[in-house]
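Structures incoming, each one as C-alpha cells.
Across the two complexes that follow, chain A remains constant while its partner is chain B and subsequently chain C.
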Partner chain A sequence: MILVSPLIDLKSKASQKLQQIGLPTVAHEDWKYVADQDFEVIKSVSHAVQDYKPCSLILETEYVVVLGKSGIDQGRSRLPKNGVTVEFGDSEVNQNALSGLTQSDDGMVLKAISEMTGVLRILVNPQISLDQPIHIAFDESFLNEQWIQPVVIIELGEKATASVVVHPIMVAGGVVNGLVVVSVADHAQGEIVALNLEGRSAQFVSMSYRATLAESSQFQFLQASHHAGKVRSDVQVTFTAPHANSVLRAVLVLDDQDAVHLRTHMTHLVGECFGRQLVKSILNGQSVSEFHGGVYVAKGADLTDSSQSNENLLLSDQARAISRPQLQIHADDVKAAHGANVGQLDDRHIFYLMSRGIPRAQAEQFLLQSFILEALDSISMPGVKSALKKRLMISGEIGE
Partner chain B sequence: MVSIQELYAEIEGKSILKGLSLDVKPGEVHAIMGPNGSGKSTLGKILAGHPDYEVTSGSVTFDGGNLLDMDADERARNGVFMAFQYPVEIPGVNNASFLRMSYNAKRKHLGLPEVDPFEFELLLQKQSKLLKLGEGLLDRSVNDGFSGGEKKRNEILQMMLLEPKLVILDETDSGLDIDALRIVAESVNRFKSPDRSFLVITHYQRLLDYIVPDVVHVLANGKIVKTGDHLLVRELEERGYDWLTGAIPSEVGG
Partner chain C sequence: MSKDIHAIASKPYEYGFVTQIESDTMPKGLTEDVVRLISGKKNEPEWMLEYRLKAYRHWLTLTEPHWAKAEYPKINYQDIHYYSAPKITEKKASMDEVDPELKRTFEKLGIPLFEQKKLAGVAVDAIFDSVSVATTFKGKLLEAGVVFCPLSEAIEKYPDLVKKYLGSVVPHTDNFYAALNAAVFTEGSFVFVPKDTVCPMELSTYFRINTQDTGQFERTLIICEENSSVSYLEGCTAPMFDTNQLHAAVVELIALDYANIKYSTVQNWYAGDPETGKGGIYNFVTKRGKCQGKGSKISWTQIETGSAITWKYPSCVLIGDDSVGEFYSVALTNHFQKADTGTKMIHIGKNTRSTIVSKGISAGKSENTYRGLVQINRSAKGAENFTQCDSMLIGKQAIANTLPYIDVRNASSSLGHEASTVKVSQDQLFYFAQRGISMENALQTMINGFCADVFKELPTEFAVEATQLLSLKLENSVG
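This part shows the complex of A and B:
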C-alpha cells in the first residue's frame, strides 16, 4: 500500500529515529530482562503454535472485527450496524491521527507507524453507547509472518461509550509489534481489555497503547497475561482536559520462561484528573515481570490525583519481579503516591484461613485468586470476565 | 471435651507454657485470667494449631483424639475455634467468599453437601442481623479497614457459622464499646449448649459479667496457679494478680 504525505515525511523521520535509537536489545538496561535475543534474527520454532480460540471469549451477541493481512474479513466479522464506523485503510484522517505520535521516542511505535500497510479504524459516533463490546481478532494469515505490525485507531466521540477487546495474534516465531491509539472525547467512556495470551510461540510480542483523554472522559485499561512468552507492553495515557479519569490495570500470571516488561505512564498536562495504575503479578518457574510505572504531572496541573501500585507474588525461587514506580511532579497541589512490593503469600493469612477449616492448599489458592480477582472484576464485559477468571484462576500456575 | 496435661511449649526457644494442666468438660465455660505475658494467648494459639509455637512435652486430648497431631485446619473442622484477639486483615479476600469457603469446608468434613452462594447469603444475612453486623462488611475484604469492634463481631459471626465444639475467645472484649460487648456476649450466651465448651481468655471482669464462667483459672508464668468459681473474678478485680504470683499483695480489698 502506498503511503502519501504527510506519512511519507513521517516515515522518513521515523526511520531515522529508529536507526538512531535502534530496537531494544540486551544492551539497554530497561530491556535486559526481556530482550534476551536478537529480534532481527528470526529463529525457527519447533513447537506448534498454541491453539488459541478467541471464540471461547466472545459471546454470540458481541461484535467482532476479524482482521487479516489484507484487511477486514467481512464474512467472519460482526460489525455494529448503527453509529459506528469500522474501516481499514490509510486515509488522511488516520495519518493525521498518527502524526501526533512523531514526538514519541519509542522505537517500536515508530517502526509500527513507518512500516504499516494500513490502519484499522473504529469510530464510535457521539452519543452512541454500544451495548456490546467489540472484539478485535486476528486471523490465521499472520501465522507465518516475521513482522506483524497492526495499527489500530479507536475514536470515541462525545458522550460515546464502548468497550474493546484486543485479542492476541497467533504467530510462529515472528515478532508482533502492535500499536493501538485511542482518543476519548468529552464525557466519553472507553474500556480496553488487552489479551496477552498464548504468546510463547512468538519470538517477541510488543504492544503499545496511546490514549488521549478529553474533558470528563473515562478510560479503563486492563492487560491480562498468561502463557505470555516474551512481551513488552507500553501503555501511555495523556490527560488533556480536566475531570478525566483513568484506571490502568494488569494481571500477569506467569510461569516457565515468560517475561513481561510492562510500562504504564500517565501524563497529566492539566489538573483535576484522576489516575490509577495497578499491576499485579503472580510469578512461578523462571518467569520475570518488570514494571515501569510513571506519573508525570505538568506545572500547573493542580488537584491531580494519581497513583500507582505494583504487587508481586513469587511462587518459586527462580522467579523475579523488578519494579520501578516513579513520580515526576511539577505542580504544587497534587495527590500522588506510588508503591511496590514483592513477596510470598503471608503465613499469617494462610494460618487464619486454616484456623477456619480451610485446607492449606485450598487456602493458598484462594489467596492467589483473591489477589487478582479485584482487577478481573473491574472488567465490564461478562463473557471476557468469565473466561479470564476461568483461565487465570483455575490454572496450574496458581496452585491447583 | 478437652484435657490438657503437663503442657510445655515455646516460641523461638523461649519457654512460654511450663507444665499447664486443664480439663474442660462439655458445656462448661472456663475463664482464663492472668497478668500480661503469663501465656494466656499462647495457650489459645497452641490449641488452635498456630505453627509458630512448638509443644515440647505434654498432651492435649480433644474429643478423645490427640489434638496435637492435627494441623490447624483439621482441628477447626473437628470443632476447635479460636476468636483471635487481633484478627488479621486480608486485603483482596472477599469476606463473604471466605466465610462460605470456611462453612463449606466444615460441611464437607461432616459429609454434607456444600451450599451455593445464594443459600449461604440468606444464612449469612440472618446471622449478621443477630450481631448487628452491617451487610457492607460482608462484601469487603476480610477485616480490612474494620474497626476493632467490627473485627470482633466478624469473629463471632464465624463462630456462629462453624458451630464448633470448643470455642476459645482470646480477649474478645478488648476494643469493644459497651454496646458491642453486650451484643457479642449475648451472641455467645445464645450459643452455649450442653455439648459446647468455652475458654474465655480475658484480663478483666467486664466480659465475665455477661458470660458467667463455671470455672476461673489464673495463669501465671506458664502454668495455672489458682482455680475457683466465678467469685474468683471479683476477688481478682479487687486484689490484682500479685498475691498469686508471689509479688507483694495488693492493698486493695482483701
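This part shows the complex of A and C:
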C-alpha cells in the first residue's frame, strides 16, 4: 500500500517528536516497575503462536474484520453492510483523528503513528445501531515483524451504537505496539473489549487507547488479561462536552512472570460528566500488576463525578501489587474519590462456605469468581462474556 | 452569601515582626571554609567537622530535585547566610540574664519560656536563627534521666550517643537537602530517654528565623530506649520579608523495643504576601523515624499552615516486628502557597501496622498535594495499613492533588486506601446561617469536623492552638 501525503505528513511530525522525547525507558516514571526492555535492541522474531484461537470467542452471527499488514483480508472478514464503513488506507478523516496525537508525550503512540503502514477505520454512521459486535482480529502477515503496530480509528456518529472487540496479535519475540483512537459523537454509545490474552511469547505488548467523548455520549471499556506476558495498556478518556459517561474496567488474572502495567486516565475538560475506573487483579506466581489511575478535573469542570477503584488479591508471596490511584482536582464543586485495596481471600468467607459443606478449594474458587464477576458482567456481548467467564473462571490457575 | 463570606476580614500574619537584636551573622555563601567556620563557632570536635565536610563534599555532587508539584525561582545557595546568632552565645544560668528584647519576642510568640510558667508543664528549647537560646526544665528532666538539650551541647556532653545515632536514619547521602543540612546544621534539639522511662512532661521546641536571607538548618535527634516514651512538640514562625528564606531541617527518631515517640508539629512559617505571593519560607525538610525495636511506635502529627512552599514527608521505617507507624496531618494552603506533603510507611518487620490520615484544605490560588508511599516488603508478613486522605477545596482557583503510591509484595498483608474530595457547600453554610451561626463560626465548625481525626491526636494545648490557627488562616477565603 502506498501512502499519500496526509499520512506522510503525520508520520513525519510524529517521528520528529519521537526523536525529541524517545521511547519510554525503565527510568520513565510510568514504567518504573514493569518494563525492563530496551526496545531499540529487540532482534529475535520467530514463529507464530498457535495456542490462541480467536474464533472460539466469535459467534457466527457476529462481524469480523481480519486485518493484515497490507489491508483487510476480505475473504475471512464478515463486514457489516448498512451504515458502517470499514476501510484500510488514509483519508482526511484519519488525519484529523490522529493529528492531535502527533504531539503526544507518549513515545509508544508516536512510534505507532510514525511507522504506520495504513489505518483501519471503522465508521458507524449517525443513528445506526449495530445489533452484533465487530471483532478486530489480526492475521499471520504480522508474525514476522519485529514491531507490529496496527493503528485503528473507530468513529461513532451521532446516536450510533456499536461494540468492538480488539483481539490480541499473536507473535513470538516481537513487540506489539497498537493504537486505537475512538471518537464518540453526541448521544452515541460505544463499547470496547480489549483482549489481552496469550501475550507471553511476545517480548512486549503495548496497547494505547484514546477516546474522546461528545455531549451525552457513553463509552465503556474493559480489558481482560490472562497469560498476558509483559504488557502495558494505556487507556485515556477525554470528556469534551457535558453529560458524557464513561466506565473503564479491567480484570487481570496473572500468574508466573506476567507483568501488566495498566494506566487509565480520565480528563474532565468540562463539568457534569461521570467517570468510573475499576481495576481488579488476581495475582499468583511472580506476577506483577501496576495500576496507574488518574483523574484530572480542569478548572471550571464543576459537577464532575469521577472515581477510581483498584482491588488486588495476592495469592503468592512472590507476587506484587502496585497501585497509584491519583487525583488532580482544579475545580471546587466536584465529587472525586479513589480507593485501593490489597489483601487475600477472607478466611471468614471461606469458613462460611466450608461450614455449608463446600470443599475448601471450591470455596476459594467461588470467592475468586465472585471477585471478578462484577467487572465481567458489564460486557454487553453474550458470546464474549461467556467465553471470557469460561476462560478466566474455570482456569486451572485460579484457586489452586 | 458568597459576598458575606468574602467580607470576613482577613487577619494578617501576626508573627511577622523582626526582633531588633544585635546578631553575629556570617557572610553569605557556602564553601568548605564556611563549614569549618560553623563547626569552629560551635567548638565541635574533629569527628563532627569530618562528618560535616563529608556531607558537604557529597552535596556538591548532587543536583537539586524538582519532581514535586511546585515551581519556584532557582535558589542561589551562595546568597544565604548559613549562620546567624543573637550576640549572647553564652548559655545563661538564669532566665533573667537573657536579653529582654529576645524574651519579649518569645513572649509575643506565646512561648512558655520562663520558669514561672511551670504550670504549663512544658519543657521548652527555643531556637533563634542558628542557636538555641534557652532550654527550660533541664534539671527536672535530668532527675528522671531524660536528656533534653541543644544538639551542640549533646555533641559535647554525649558524643557517643550522637556518634551512634546521628545520620543513622537520614544519612547525608539521603537527598540533596539532607546533605546540605548535614554540612551546615547549626542547631537543633537532642532528646534521649533511657530504658524504662516515661518522660515526665511534654517536650517542646520553638524555631524562629529572624535575620533576612538566613537559612535555617536545624537538626533534631530523638532516641527512645527500651520501654520508654516521649511526646515532643515543635512550633515554627518567621518574620515577613519579601525575599524567600530556606528552611531545610532534618529530624531523626529512633525507637527501640516497645518505645513510643509522639512527634507533633504546628508549622506556621511566613507564607509570603497574600496579594502577590512574594517572600515566604521554602520548607524543604526530611523527617524520618526508625521503629527499630519490637513493638515500638512512632506517631507523627502535623498541622501545616505556613510556608510559601512545603515539601515534607515524615516517614516511618518499621523494622521491628509488631511495630507501629502513624501519620496524622492537616495541611492548609491559602493564597499562593504550595504544599506537597505526605508520608512514607516502609513495612519490613512482621505484623507491622501503619495508619495514615491526611486532610488537605486548599483555598485561594494555592495548590495542596498529598503524596504518600506505603511499601509492604516481602518480609513484612501480616502487615497492615490503612490510609485515608481527604481534600477540601475552598474557592474556584484552588487545586488539590492526591498522589498515593502503594506497593505490596507479600500475600499475608492487607492494605486499604480511601480518598475523597469535598467542597464547603453553600447548602451547609446556609444550614448554619439559618440557625443564627455566623459564617466564620460555621466555617470553623466545618473545618474542625473535617480535621477532627487529626486534632484528637494532638496534645490538648496544641489542639486548641491548631484549631484557632486554621480558622485564622482561612478568613476571607470562602466563596
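The working rule: the second predicted complex is superposed on the first by the 376 of 400 C-alpha atoms of A that agree within 3 Å, B and C clash if a C-alpha of one lies under 4 Å from a C-alpha of the other, contacts with A are read in each partner's own complex, and residues count from 1 in each chain.
Basically, a contact is a pair of C-beta atoms (placed from the backbone, for glycine too) under 8 Å apart; a residue touches a chain by one contact, two chains touch by 3 or more.
Keep in mind the model is a prediction, meaning the values are calculated, not measured.
K.L.:
Go through the superposed model and pick first if A:281 touches only chain B, second if only chain C, both, or neither.
P.N.:
A:281: touches no partner chain.
K.L.:
A:316 in the overlay: touching chain B, chain C, both, or neither? Say first, second, both or neither.
P.N.:
The second partner, chain C, only.
K.L.:
For A:132 in the superposed arrangement: first (chain B), second (chain C), both or neither?
P.N.:
After superposition on chain A, A:132 lies in contact with neither partner.
K.L.:
So in the superposed three-chain picture, is A:373 touching just chain B, just chain C, both, or none of them (first/second/both/neither)?
P.N.:
first
K.L.:
Contacts for A:339 in the overlay, against chain B (first) and chain C (second): which applies, first, second, both or neither?
P.N.:
Only chain C is touched by A:339; chain B is not.
K.L.:
When the two structures are overlaid on chain A, which partner does A:328 contact: first (chain B), second (chain C), both, or neither?
P.N.:
A:328 sits against chain C, while chain B stays out of touch.
K.L.:
Could you look at A:183 and tell me whether it touches chain B, chain C, both or neither (first, second, both, neither)?
P.N.:
After superposition on chain A, A:183 lies in contact with neither partner.
K.L.:
A:238 in the overlay: touching chain B, chain C, both, or neither? Say first, second, both or neither.
P.N.:
Neither partner.
K.L.:
Using the touch criterion from the header, give the chain among chain B and chain C with more contacted residues in chain A.
P.N.:
Residues of chain A touched, chain B against chain C: more for C.
K.L.:
Please name which positions on chain C make contact with chain A in the complex.
P.N.:
My answer: residues 376, 378, 391, 393-421, 423, 425.
K.L.:
List the residues on chain A that touch chain C in their complex, please.
P.N.:
Interface residues on chain A, with respect to chain C: 33, 299-300, 312, 314-344.
K.L.:
So in the complex, which bits of chain A are touching chain B?
P.N.:
Going through chain A, the ones touching chain B are 347-349, 351-360, 362-363, 366-367, 370-371, 373-374.
K.L.:
Chain A touches which residues of chain B in the complex?
P.N.:
Residues in contact with chain A: 48-51, 71-73, 75-77, 81-82, 84, 87-88, 90, 92-94, 97-98, 101-102, 105-106, 109, 142, 158, 162.
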